[in-house]
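For reference, chains read A, B, C, D, E and F in written order, and residue numbers begin at 1 within each chain.
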Amino acid sequence: MMNDPSSQTDARPDSRQSDQLRPVVFRNDIAPYAYGSTLIEWGSTRVICAATVEDRVPRWMQEQKVGGGWVSAEYSMLPYSTQGRKPRDISRGKIDGRSQEIQRLIGRSMRAAVQLELLGARSIWIDCDVLQADGGTRTAAITGGYVALSLAVQRLLAEDKLKESPLAQSVAAVSVGVVKGIPLLDLCYEEDAAADVDLNVVMTSRGEYVELQGTGEKTTFGSPALHRMLELAGNGVAELVKLQRDAIEAGANRPGPA
Amino acid sequence: MMNDPSSQTDARPDSRQSDQLRPVVFRNDIAPYAYGSTLIEWGSTRVICAATVEDRVPRWMQEQKVGGGWVSAEYSMLPYSTQGRKPRDISRGKIDGRSQEIQRLIGRSMRAAVQLELLGARSIWIDCDVLQADGGTRTAAITGGYVALSLAVQRLLAEDKLKESPLAQSVAAVSVGVVKGIPLLDLCYEEDAAADVDLNVVMTSRGEYVELQGTGEKTTFGSPALHRMLELAGNGVAELVKLQRDAIEAGANRPGPA
Amino acid sequence: MMNDPSSQTDARPDSRQSDQLRPVVFRNDIAPYAYGSTLIEWGSTRVICAATVEDRVPRWMQEQKVGGGWVSAEYSMLPYSTQGRKPRDISRGKIDGRSQEIQRLIGRSMRAAVQLELLGARSIWIDCDVLQADGGTRTAAITGGYVALSLAVQRLLAEDKLKESPLAQSVAAVSVGVVKGIPLLDLCYEEDAAADVDLNVVMTSRGEYVELQGTGEKTTFGSPALHRMLELAGNGVAELVKLQRDAIEAGANRPGPA
Amino acid sequence: MMNDPSSQTDARPDSRQSDQLRPVVFRNDIAPYAYGSTLIEWGSTRVICAATVEDRVPRWMQEQKVGGGWVSAEYSMLPYSTQGRKPRDISRGKIDGRSQEIQRLIGRSMRAAVQLELLGARSIWIDCDVLQADGGTRTAAITGGYVALSLAVQRLLAEDKLKESPLAQSVAAVSVGVVKGIPLLDLCYEEDAAADVDLNVVMTSRGEYVELQGTGEKTTFGSPALHRMLELAGNGVAELVKLQRDAIEAGANRPGPA
Amino acid sequence: MMNDPSSQTDARPDSRQSDQLRPVVFRNDIAPYAYGSTLIEWGSTRVICAATVEDRVPRWMQEQKVGGGWVSAEYSMLPYSTQGRKPRDISRGKIDGRSQEIQRLIGRSMRAAVQLELLGARSIWIDCDVLQADGGTRTAAITGGYVALSLAVQRLLAEDKLKESPLAQSVAAVSVGVVKGIPLLDLCYEEDAAADVDLNVVMTSRGEYVELQGTGEKTTFGSPALHRMLELAGNGVAELVKLQRDAIEAGANRPGPA
Amino acid sequence: MMNDPSSQTDARPDSRQSDQLRPVVFRNDIAPYAYGSTLIEWGSTRVICAATVEDRVPRWMQEQKVGGGWVSAEYSMLPYSTQGRKPRDISRGKIDGRSQEIQRLIGRSMRAAVQLELLGARSIWIDCDVLQADGGTRTAAITGGYVALSLAVQRLLAEDKLKESPLAQSVAAVSVGVVKGIPLLDLCYEEDAAADVDLNVVMTSRGEYVELQGTGEKTTFGSPALHRMLELAGNGVAELVKLQRDAIEAGANRPGPA
C-alpha cells in the first residue's frame, strides 16, 4: 500500500488514507464439513465463505448436454449481522432482491476464475453468509469466496478427484466511491451511506476486469471521477490478490471429512 | 450518427456499422389508462413502458418520515416475447432473479432523472413489459421508461397537480459489447449471445454516468476495450436523448382518464 | 347488426342501442415471436392475444397416455390496464382468484374449437394480457384468442407441421346483462358495474353454446330476462364470428421466426 | 318428485329416473363449535357445511366504508374424499383452481340469500369440506351451506345479536346434464364423467336464477337441450327447498358455545 | 379405571376424578372412500381419522432403495373446530408450526406400530382432521389414527394384498398434566389452558414408551411430578388399548370401494 | 464429571465413557452487532447463538394487551454444516419441519429462563445458526442460546435499559439415548444415527425439567431405560450449567454498538 500524503483525507471515520484498504484477515477452515472455507474479516465486515462440492451438474446442463462443471453462489445476511435485526428471507417467504443480485454477481465472478471444462461433471457451491456487515459485504464475499474455492480445489487435487487445477487466475473485488467529492478506496458502512457514487470492481490477478457495477443514485458522475475510481480499485485489487495468495498457501489446517 | 468508415464491420447480422444504433421508434399512449405510456420499438425489441401514479408513498418512507415522492419500476417479459414460450413468474411462484435485478436497475435510473422532493407525496410506477425480446430489453425499458415518465409529468403539470417539473435531465441507456474482439454499439440478441463482454451504460442528457454494469463472463477485459465501449455508449446515448425529446414533445394524443 | 328502433335506449354511456356491439378491431401480429397473435380492440378494451406452440403435452397427458394435443390459456391484467394501478400477481405471491377462473374459462372455450386428436403431440398456449380494461375483458380474450389460435394453426399448416386443420368451428364470446331492468348486449365497464345481472355467453359459429356463466349477485333473474339475454348474445356472437373470419383471412403479415 | 314414466331411463347407475334426485339428508350440528353446521348427505356425496361468525368485516369494506356485513365461503376436498388420495392444497403450496372457482360460486350464492345491510358489522364464513365426493359437491355445498347459514342466523336471533332475520329467501343448487343425449337431473360421479354437457343451477325459493354455469367441453349444446335442463333444474331445486326448510325447522339440537 | 378416592378432586370442570378418562367412542367408516376411517369422539374432542393407501413409496425411499413401505400422517384443524374461526393453512400460505410438529409426532407413532418391511412397496397416509377441539387433539389423532390404520390393514388382508399383518402391537396416546399442583389424566381444553405442565405420552399395548413430550412453559417440574404423571398415563393408555381393540373388532360396516 | 469405571464402554467413537460429555467451549462475541452472542463448540458441533433486541413486542401481545416482553428463537442449519450440502430453506420455499419444531423448542426453553414481565415491552430474538452438525445441535443451541441471552441481559442492565435481571435460573439441555442397549449421555452424530431411543432433556440450574422429548422410532423403551437416561441427563446438565456460568462471567470482551 502506498503512503502517498496527497491521498490523505481527514474525513475517513477510521483515519485511513483515500487509497488505503481496511485490514483483511482470512481464518481458514471455519466450517470443516465444507470442502474449503474461510472467514474473511475485512475491517468490521465478516463473511463466512464456504465451498461445497456436489457430484452432479445443474439440470439445465444435463438437459442441454453441456460438458464440464458449474460454480454457483448463494449470499445471505445472518439476522444479527446488522445493527437492528434483519429478518430471515424465509420469514418473508422470498429472497431479498438485493441478495439475489449479489449472489448472481458472486457466481459470475467465481466462474470467471474457473475453466469449467476442467472441473468434471461436478458443481461447486460458494456460500457466503455475512456475520457482520460494515460495508463491502459483496466484495468481501467475492474475495473470500475465491479463497474458499481455491481450498476446495486443493483438496480435490489432493484426493485425486481432479488431475489439473481448473483455476487459471485469481479473482478479487473491492468497492470504490466518491464521498463529498473525494474518490475513496474501500468504503465502510458509514462512508457507503454517505457516498454520491458507488462502484464495485471485480478484477483478476492479471489486472483485467470481470465485472463493473457503478451506481450514482445520489448524483451522476463524469469521466474523471470514473477514471480515478478505476485506478484506486486496480491498486486495491492488486493488494488483495497478494493476501489471497498467502491465505491459500497457508491452506486448511486439518484433514478433510472421512 | 457518424458514418466513419473505419467503424465498419461485415460481421453485424443487420449490416450495421459498429457505432450504429438500430432504428428506435416511440408509439406513445399505447396504454391510455396509464398516466403516460409508450411502446418503444428498438429494432425488433419492443417494450411497453407505462407510468402510473399513486397518491401515496411506500411504507418505509412513511415510517421513516422521508419527504417527497418515490419512483419504482417493474420489469417483466411477456410469455410470448421470446422464441420458445417463457413461463410467467407467477407459474414458477417467484420472480426471476434476472428480472428483479433489471427492475432495480430501471428504478435507480428513473430516480436519477427525478428530483424526488419536487414530486409531492406520490409514487410513480414505471412498468416495463417486454412484448418482443431481441437484445437490449433493459436499455429499451430505461429509454422508453423515461419517455413514459415524462408524459406522466406533463399530465400532472397540465392537471395542476405539480407546479414545477421534477425532471431536471433525461436518462437513456444503451448496451455496448465486444464481439469477436470488436467493440460494438447496441447488441442485438444474436450479438449478445456471442459477446465476450457486455456493458450496459445509463447516462444523462448531460453526458454523465448514472449506472455502469459490465460483465465479462466469457472473458475478462482490459482498459482499452473499456474505454472504447464507453466512447461508443456516450455517442449512442446522445442520439437516444434526441429521439426521446422528439417523442416527448409529440406528447400523448388524447385526453387523460376522467 | 340490427337497427331496431324498439331496442333503443338513452341510457347507454356511448349512445349504443341495446343490441349493439362496441366497435371491434383486430391488429394481427402484435407479438411476432408468437406463432399467432392479435391485439383485439373492443371499444376501449384492449387485449393482447398470443398463441405459442410447444412440442410436448402436459405431464398428466403423458402419464395417462392420452393421445393428441392440448390447448391451455393464461389471462392476466397488466398493471396499467385499470384506472388505479393493479399490482401484479407476483407481487401478491399468488394468482388472483378471478384471473384463474377466467383463464380456465378461456382454456375450455378454446378446446371446444379444436379437435385435440388432430393437433399432434403438442401444446398451444393462448396468452391473454389485458392492456386496457373497459368491461368484457374475458369475452374479448376468448374472441381474440380464437383469432390468435387460428393464425397459429395457419402457420403450422403452412410449415407442414399439421396436415389438416384441427379447427372445425370458430368460437366467440360476448357479455349480456340487465341494467336498470333493461337487457343489454356487450356491457362496458360503467354498465357492468351497475348491472343487476351479468351473463357471459361463449358460442360457436354454428350457434351452439360452449359456456354460459350467469350471475345475479345484485339481484336474481327470471326466465324472461334469461331468454332475452340469450337472444341478444346469439346475435352478437354471429356478428363477431364474421369479424373473426375477416381477421383470420387477412392473416399475419410477415414470415414466422426462423 | 314426479313419477313421469316418460322420463324413465335404464341408463342411470342407481336406477333413478331422469328427473329424480338422489336421497338428501341433513345431519345438523356436526361441528358444535360453529354457529351453525350440518352434514349434508346427498347420495354418496357428503359435505360438512359450517357457518362461523366474526365480529368484523373484511378490510376492503372497512377501507371503502361499506356498511352492513359480509358472507364468504371456503371449499375444500378432504384428502380421503376421493377414490385415490387427493393431496392437500397446502402440500402443493397453493389452492386448486377448481376449488377457488367453487368457493367464489358458493360465496356469491350465499350472498344472494342475505340482505347484507341487515347483518350488522359482522362476517359469516361458510366452510364446506367434502368428506366424500360422488358428483355434485358444489351443489351440495350450496344447498347445505344455506342450511348452516340459517342455523347460524337462528342462533344470532336467539342471542339477540340480530333483531331481524337478514334471510329473505332460501337458495339451493342442483346439477343437470346431458348424458348420451338424454338430459338428466342430479348427476352422480359416474354420470358426470360421461356427460357431454354439465350445467349447475343455483336458484331461490321463488324460482329465480342466482347463478347458471354451463359447460360443454365434450360437445356444444343447443337451445332445446338448454331448456329441458333448466326445467329439470327448476323442479329439482323446488324439492330441495322443501328439504332445507324441514332441516332448518328441526334446528340445532343443543345450546351454543358459552 | 381405578376408583381410588384419594385421587378425587373437586376442581375438574366435568367432575372427573384425577385418574379418569373422558368417554371415548369410535364411529368407524365416517369416510367410506378411505381404506379405513373412524371418527373418534373423546369427550367434546372429535377427530376424523382416515387411512388411505398408495401403491408407491416416497421418493427418498425409491432413491435410497429402502425396501418395505411407509406410513406418514397429516394433521389439520378444520376452521370451525375452535371457538373463534381458525383460518386455513392455505389462506396463510404455509402450514402452522404446531400442526407440522403434531403431524410428525403422529407419523412417528404410527410407524412404531408397523413392521414397515411387511407392508410391501406401498404408503399408508393417516389423515387426521379435527372437527372439534376440546383438548387432547393430538392424542385423539394418534389413538384414532391407529384404529383407522388397523381397519385399512384388515381390508388389505381381506383383499389378499397383504399376506400377513404388519401390525405387531397397538399404539395409543394420552395427555397428562399438572393443574394447580395436582397431576391429572386427560386434560380438557380448560384444564390444558390452566396447566403448569403438559406431558403427552404415546405407548404401546405392551406398556412401553413410543414418545414422551413434556413441556413446562408456565413452570418447571421435578421428578415426583414426572413419575406420578407417567403412572397416570400408563393406566390411561391401558384403558384406551381396550377400547381400540373393541372398535377394530367391530370393523367397518360396509364393503370397500370397487 | 464422574470417572465411574462401570460406566465405561468401548463402543463410543471418541472413547468417551457412557456418562461423559464431549468438550464444550464458548467463544463469546462472535457476532458483535448482536446484543449478546457466542459460538458454542460442543465436540465437533458448532452453533452460532446470537441475541438481538427489538423495542416492540409481537403483534398478538399488542392486540391482546399482554404486558411484559417476549423471547423467540430461530434455528437454521447453514448449507455447509453437514457432510453433503443442505439446501437453504429459501431455495425450497418453506422452512423445514424439523427446523420449525426445533426453533419452537428453543423458544419455549428460553422463555422458561425469563420472567417476561420484567423484560419491559421488548422482544429478544435468539438466533441459532448451525455451522457444523455432529449431533446434538438443538441441545447446543439451547445451551449456547442461554449464554447469548445472558450476555444481552448484561448489556441491557449495563445500559440501564433494565433495572433488574429477568433471569432467575439458567437453562441447559443435553441429549441422552440408548445405543445397542446401553444408555449413553450426549450422543454424537454417529451414535445418534444408530440409537434405538433418543431423549432430549432441557433442565434448569435447579435440577427441574423444562422439556422432555423422547422418541423411540426404532424401538420402544421401558421404564428402567427411561430412568437411567434421566439420571445421565441430570448429571450432564449440572455440568453444563457450570460451564455456562463461567462463560457468562467472562462476559463480552468489547463495548456494544453505539
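Simple rule for what comes next: a contact is a pair of C-beta atoms (placed from the backbone, for glycine too) under 8 Å apart; a residue touches a chain by one contact, two chains touch by 3 or more.
Just so it is clear, the structure is predicted and the values come from calculations on it, not from any experiment.
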Identified repeat of the C-D interface (over half of residue pairs identical), from A-F, B-C or A-B: A-B
Chain D-chain E separation of Cα centroids, rounded to whole Å: 33
Centre distance in Å when chain B and chain F are each reduced to the mean of their C-alpha atoms: 52
Centre-of-Cα separation between chain F and chain E, whole angstrom: 29
Set of chain F residues in contact with two or more other chains: 93-95
Circular arrangement of chains, read from chain C onward through chain D: C, D, E, F, A, B
Footprint of chain A on chain B - complex, ascending: 94-95, 97-98, 100-101, 104, 108, 111-112, 199, 203-204, 206-217, 220-223, 226, 230
Contact footprint of chain A on chain F as seen in their complex: 30-34, 37, 44, 48, 50, 52, 54, 74, 76, 78-83, 85, 88-91, 93-95, 125, 127, 129, 131-133, 257
